[in-house]
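The following pair of complexes shares a single chain, chain A, combined with chain B in the former and chain C in the latter.
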Partner chain A sequence: MKYEQASHLQYSVLKLTGEVDLHNSPQVRKQLLAILNAGHSVLVDFAALSYIDSSGIATLVEAFNLAKNKALSLTIIEATGAPLQVLELTNLNKVFPMLASLDDVKE
Partner chain B sequence: MTNSVQHIIEAKNLVSHYGDRQVLNNVDFKVAKGEIRVIMGGSGSGKSTLLNHLLALLKPTSGDIVVDGVDVVNADRKTLLALRKKTGVAFQSGALFSSMTVGENIKLPLVRHTKLDANTIDIMTRLKLELMNLAGFEHLMPSELSGGMLKRAGLARAVIMDPKLLFFDEPSAGLDPVTAVELDELILKLRDAMNMTIVVVTHELESAFKIADKITVLFDGSVAVTGTVEEIKNSPDERIQNLINRRPRNEVVNAEQYIERLTTGKN
Partner chain C sequence: MKLVLTHEYTSCTTQLCKIREKVRITCAQMGFKEADINLITLVIDEACSNIIRYAYCGDKSGRIILEIFQAETEAIFHLQDFAKCITASCLEVKEKKLTEPGGLGLKMMHQVMDSVTLLPPTSAIGNILELKKRLPEGL
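This part shows the complex of A and B:
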């Protein structure tokens, strides 16, 4: 798993590449919580994500809840394939805002 | 050989005895990655014995077993432990610790084997409880759950580490029909979303036909056939047709051997 942080409009973008699993989800958690604690809304870019396990999903849930409490947002971008199926399996596709592409993000 | 199927389980020429009694007879059993394989057969056909060998809980008399690249017959304890962390097992009874709450039972593997944050572990536990329709039962004791709930709690614990390989012994036995169907759906979803390979031992034909990519039928410790649902349904083997159509076995009686067994107890 690799992650890259960038900006898009007023958002921080966390782009995840490869597989998020038990071993590396704590890194993702640290990044996400840091972004939100710094007061930025976050776009989590799934475009290059091939797999996310439930520790990764749990991390997104925790971060989403923190964003809500801080009146910020957490949006999933371009979820397809297995990661999308995991979101559907857990019904979180009905909870997290999801957009098909970064181009769909509005200011 | 770029198109060769990758097998996550490969057992060859497996022979197993309980005492003098041979329970598996030259069993070959291969499962491809991402496959749902159902093992069927009557009581005493060797289903559970095969499962226990694949889990390295029993040592075979002879034969090879390789699971996810590990030679489980000869592997040392440490290697087996690492393999078990990637393997989920759900037994018939649920097998939860009676002194712990349902939530504590389910999260136990994460607490023991990972360094994840407690928040992450708690949310993972609740995600699995939700998945198994057990939301809100986290703080109950196992003794306060029904049989079907225990089974689902056992499954929640089996998949808490997102195993690559899940073994499931008699998932729908003793469940009401609606819960049994939901469990079948869940098995299919787990495979699709988590890319799991799932080996299910079951008596339930309807369930087997619904979830299986392939079915292995065991009779008297030997593999009668391994095939797709269609192949099993169309099998010319009378024993398989008897199993599918729930006809009682009509075995040929060898009078001499029968009397020998009855009078001497020798097989």
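This part shows the complex of A and C:
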């Protein structure tokens, strides 16, 4: 798993590449919480993500709850394939704001 | 019932990607479609993660044996560990809010597989988790 951080409009973008599992989800958690604790809303880019397990999903839930408490947002971008299946299986596709691409993000 | 795959891993999180790869390849060989392969791979990974986290409590030197069998109508997955014996109540899903932490992996196991059972222990230590999934129609 690799991640890259960038900016898009007023948002921080965390682009995840590869597979997020129990081995590396703590790294994702650290990055997401740091972005939110710095006061930025976050777009989590799933375009290059091929797999995410429940530890990755739990990280997203924790970050989503933190964002809400801080009046910030966490939006998932371009979830497809296996990661989208996991979100659908857990019904979290109805909880997280989700957009088809970064082009759909409004200021 | 035919043994299709048997492989032993250590209880280290670095092994999870190797386990997923074996499961994906074996499920494809058994005729599962991509969407089912993704979900079966997910729940086997979740079961192994639970063994690493809760059975071995993060000890990386534990043993996990994965066996995959093909029966007439179903694929059968056995995951054996050599940690303290657990009871079937550990496999029960507790109802939680979507945004509440914990128990997600176990819930997904029950949603995806046709059965999730703890087999009777064969020795004083260890557990064998059995997960069954019906094979695709027309095989």
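Brief remarks on what is shown
Heads up, the rule we're going with is that the second predicted complex is superposed on the first by the 107 of 107 C-alpha atoms of A that agree within 3 Å, B and C clash if a C-alpha of one lies under 4 Å from a C-alpha of the other, contacts with A are read in each partner's own complex, and residues count from 1 in each chain.
The rule we apply is simple: a residue touches a chain if its C-beta (ideal position, glycine included) is under 8 Å from a C-beta of that chain, and two chains touch if they have at least 3 such contacts.
Quantities reported herein were computed from a predicted structural model and do not represent experimental measurements.
Clashing of chain B with chain C is the outcome of superposition onto chain A. By the touch criterion defined above, A:Arg29 lies against chain B but remains apart from chain C after alignment on the C-alpha atoms of chain A. Residue contacts after overlaying the shared chain place A:Leu99 against neither chain B nor chain C.
Of the two partner chains placed by superposition, only chain C is touched by A:Phe64; chain B is not.
Legend: residue contacts after superposition of the two complexes on their common chain; A:Glu19 is shown touching chain C, with no touch to chain B. Of the two partner chains placed by superposition, only chain B is touched by A:Glu88; chain C is not. In the superposition on chain A, A:Tyr51 contacts both chain B and chain C.
When the two complexes are laid over each other on chain A, chain A has residues 21-22, 51, 53-55, 57-58, 61-62, 82, 85-86, 89-91 in contact with both chain B and chain C. Within the complex formed with chain A, the chain C residues making contact are 13-14, 16-17, 20, 35, 38-39, 41-42, 45-46, 49, 52-53, 98-99, 101-102, 104-105, 107-108, 111-112. Taken together, the chain B residues at the contact with chain A in this complex read 114-117, 119-121, 123-124, 127-128, 130-131, 160-162, 189-190, 192-195.
Residues of chain A that touch chain B in their complex: 21-22, 25-26, 29, 51, 53-55, 57-59, 61-62, 82, 85-86, 88-91. Chain A makes touch with chain C in their complex at residues 19, 21-23, 51, 53-55, 57-58, 61-62, 64-65, 81-82, 85-86, 89-92, 94-95.
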